[in-house]
């Protein structure tokens, strides 16, 4: 590897990407996962000989800066990177930071691929230089509704939606509600609570007498845990079960809730069952193996998103055969490829609407992919808490 | 009993007291008078350990007090009723008094009764918040609190400050009683006339140094004292 | 003589306690009125009610013909009434000079600039004998100087009525004489002054009239000599020793 | 303690030689700052702008917290209101920036008066928490008015394309905006500290009863100080909002801003003119330096440095600098001795 | 009606937990005048201690609670005696700054050690509950509530009845004079802070049992503590209990009948109203603010 690196260096040094990440503060957990995803990408790319641009080969390097989980710092860091002539930006963690950074990227003529900015509004601002590899927020809850109406027997007739009040969760909640109506389910209640709540008993108490067949949560981890935990406390057992965005696939969810986590459905950007493959990382399963070999942990979808963003940038650069941001932008807009992460292709707003999300279910303490491709079978309906 | 030798003390880098020699005997009432800013309060603070002397020694009952912090000094049997009363403003009168006996192991109800007897006014106000007492009532409470610690020596800074004349009389009388019960008293007092009449011995402090000392009567009829402190030519 | 301050049935209760109870007094223009009474008689409370720091439970306060009952403290102050606090309340982090200047800056009618106020302050400090400590902080002052500072702050306001709550406590006799002279000279300058003191010598020396409060009520009122020999006052307040001393010493 | 806090309120005499040197240095520094954009990297200008912003916020806090002694724990409410006023007017009503800025300032003043009248009657800690509550409550109210404020998803000021009402000033532009606002805040603080108003605030800080007894209308003075603080803070928030383009309630009403304002003012020296500026500059650069050099450890280090700074410079930076000037050294151990129990 | 009952129970139980979180904060703030920004970090630290004991050694969280409390007591004592006491005579802001630094250190230190992952202490009993018709009372929360009432009551009694409690009060009001009474102020301060930290540790354990925690949540607990302490009346232990419960109830009811996203705003609104009517909180004593400097 060493000699390859020297060759690349001799041919004209390294290719520099920049990433402003939440390494401390509120979002540090996810920020660090994202960083690992980028790091893995870098490692694999360099092992495979670097990035070929025209007739030159570059070693990939990524500089990281800590945005302290605040959007304005993320924006400032991206600006600093521009001064250091870093034109290719891998996105920060979270919609707020991504949105703040995208405004700067646009002004500076940099190029950013977002790995974790899911909120649809980011892509509705008319920005030309920001792309997102992940499925947008509106898909997060809708996916679960699609899956349930596709494979659950009996199909739930009524759903209640509980949502945090931040932009991302609200967009997801709206998407889920719309999908439910489309599938002929009745949305009997939509209740909101403050982002970061660990007490959602008021909302649950309100929903309880409505007896919904399915309770859906558009949430982050702590709120998602609270819904399950407090439902158990309050004796709320919907005929079908529970489904939640982002929370269930994370290991913490299962660890914190123990048996109560069982049967919960969750949506994920990626699982090792995701269909598709690419030259660098192989299939999703290959990716999982490789990642685990490198970092010791099985990858979460945050890792995979990050790697996918990095992959898209590299593919676009290689396609463009140039390091001109404008040329790379062009080739990004035309990118249409399969990958371990699923299809990567951007609509005119820069959203990757072509990639389906995965639905998992917690079974025997593990997230098992049940839709669209199935690793295991959906267990439905979920028994009451005290019978698990 | 209390023996101060060539004491120097002050605040930070400012010196206030110079070369002070002073003694208080068993069951003796000693008055300390002196003009405004002479350093009387500072002297009491040095004895009780609130400030650390820079030179000299303070010996109480044969044991050196230097290096002791206030809470240790009070355990040796010296009570200090500070200038400006310094009651625990948010606590009741009763609580303030009880705290005077903090370091005593046994319950101090006898002392308590004695203080209430000494200041009947306090008896009526036991559950009032000390911060809302009238000025004179606060003074009573402060002295009472000092007595609660069952001291061998009580140092009172500005005994009569803000007290009604008849009360001052009573109080001075009570000091006699207190003394006869075995306590010594070191008294800082502006009512020089009353103080010197009562005290066996007295010191006059001027700009940080002892200017005069002698028996109470001697000083009371000393020409310099009469001019400077009693305002009589 | 016209009346400058008048209270009518002034009452202030704290819970069940009538700290000031139905007190009606008058203070004549350019007079010095002494207020005495046992500890807890209600003297300070009376001042607090008059100056708006406490709301009266009943009764009226009239200053210079205007009803000022229940007015806010600063309104009373700007109308020309200044007071000292028995337990001194200096501005701890300002110098003595600045402390006094504040009186001049916001006192009645004389909205003086900062610079002018500082000059005023120097004058007042001179007058109360505190010039040497002008740059000191109040916390460094011994008790007597703290009292002088209270007085100086009040004086700097150039008030018409001055309410002094035990500004001589803690002074030695010779210094008390100075204060007596000061009060007299202030009276010459046209001020009206209410003096609360337990130092009888001073009260007797300066007062045109003495009012005795006892358990919140007015117990007696009259010329100093009369009051000093009033049996009720001796019984409730002065005590035998003082009565004796007053008889011996007479007026200074 | 009385002593140390005391010295910090002493006003530099403008006529003293030291005063003139200070003025001279100030002028030179100012000239440099004006010229800086030509010399410096764009993004460093942005960092500097951020420093100026925090300095202004700390100065504004200093007026109510440092001078009047009413420690506001909710000054961020003005920041947020200022920002949202500008964002709403520009995004929803199509206003240009400048009139929106004026309205933002007015909103700050108005809100300070309305909220100040009832809660400035509370003393000390109770006031602090009341303001904190107002700020936190306001954040939720903003979240709950999505049609006007965009709710939790935030609101975006159109900065590019046809909808942009005011062309985006860029890093250099915002650098100047924040610089000018900082100078205004400094001038205001300077004025206040030498004026009768400033004295009345200091008096209130130290003894409100005594102040009232001297004829100071304490209610009016406090509300005025609060309004002034609110005005400067709202203007800062307004500029910040435009700079950020997209703003969120969780950020614009973040308690972190309040904490930083207080921390900067305190570490520099409350009640002084330059203390808050020194504190802001020092802390911002320190945290920036640590952040760049210790990717994940920087916050821990930052915390440790603050603890040490408090222990060894318990009177604030400005005070310690004065001590250094007059005695040629800082007595760290004496400081510790003087303040320990 | 059932919904109302359920909401009330939810609020009451949540309020108990709030009280337990806030009472120690109220103690050090109201009585010894240290605004402990790191209080929330102590809560979280307590949670981690119990979590670790449970996870690594299988120690029951209720026993873990005791260990967490004892450990935090020791840490609290050391922090006050060794660090905060060094600046106790500096302006009150300085201690605030100091504890702010401490909070940064603790929270980020915890992240480095335990990562920012969400944790929870799993028990076999916490999720079960008593049922009365449709109304449920979960055991875990009931336990937290009972413990809060118990500890707060004990603390209140300790403060008002015991000699040491009185000494704490007195020292807070006037350190120098307290020392003249023979009170060892250094020890008393450290002890007070230690008690506060121990309560935070106990509260943290309960937080871990009934919900989730991670280091970043520390700030939320500090914020809550501010509100609870002031609502009840600073330095008043019963007040903290009342403050916690009122807050819990207000939030539960407003979540039930108004909007779930406005509960904090309404909680804060109630706080401000209370302060306007009673400027020293629900149970605060006037004069409790009086404090003499050296």
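Letters A, B, C, D and E name the chains as they come in the text, with residue numbers starting at 1 for each one.
The working rule: contacts are C-beta pairs under 8 Å (C-beta built on N, C-alpha and C of every residue); 3 or more make two chains touch, one makes a residue touch a chain.
For clarity, every value in this text was computed on a predicted model and none was experimentally measured.
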item: Shared interface partners, meaning chains that touch chain A and chain D; value: E
item: Which of B-E and A-E has more C-beta pairs touching across its chains; value: A-E
item: Most remote chain, CA-based centroid, reference being chain E; value: C
item: Distance from chain E to chain C - Cα centre to Cα centre, in angstrom; value: 47
item: Centroid spacing, where centroids are CA-atom means, of chain D and chain E in whole angstrom; value: 30
item: In chain D, residues with contacts to at least two other chains; value: 2, 5, 140, 143-144, 296, 299, 338
item: Two or more partner chains touched - positions in chain B; value: 132
item: Contacts with two or more other chains, residues of chain C listed in rising order; value: 92, 139-140
item: Chain B residues within the chain C interface of the complex; value: 11, 33, 35-38, 41, 83-84, 121, 132-137, 139-140, 158, 160-170, 190, 192-193, 227-231
item: Of chain D, residues touching chain E in the complex; value: 1-2, 4-5, 71, 73, 118-119, 121-126, 129-130, 132-134, 136-141, 143-144, 255, 259, 262-263, 266-267, 270, 296-297, 299-300, 302-307, 309-311, 314-315, 336, 338-341
item: Of chain C, residues touching chain D in the complex; value: 51-53, 72-75, 77-78, 82-83, 85, 89-95, 98, 101-103, 105-108, 111, 113-114, 117, 137-140, 153-154, 157
item: Interface residues, chain A side, partner chain E - complex; value: 24-26, 28-29, 32, 165, 191-194, 196, 198-203, 205-206, 208-209, 221-222, 225-226, 229, 232-235, 251-252, 255-258, 260, 385-386
item: In the complex with chain E, residue positions of chain B that touch it; value: 48-50, 69-71, 74-75, 79-80, 82, 86-91, 95, 98-100, 102-103, 129, 131-132, 145, 149
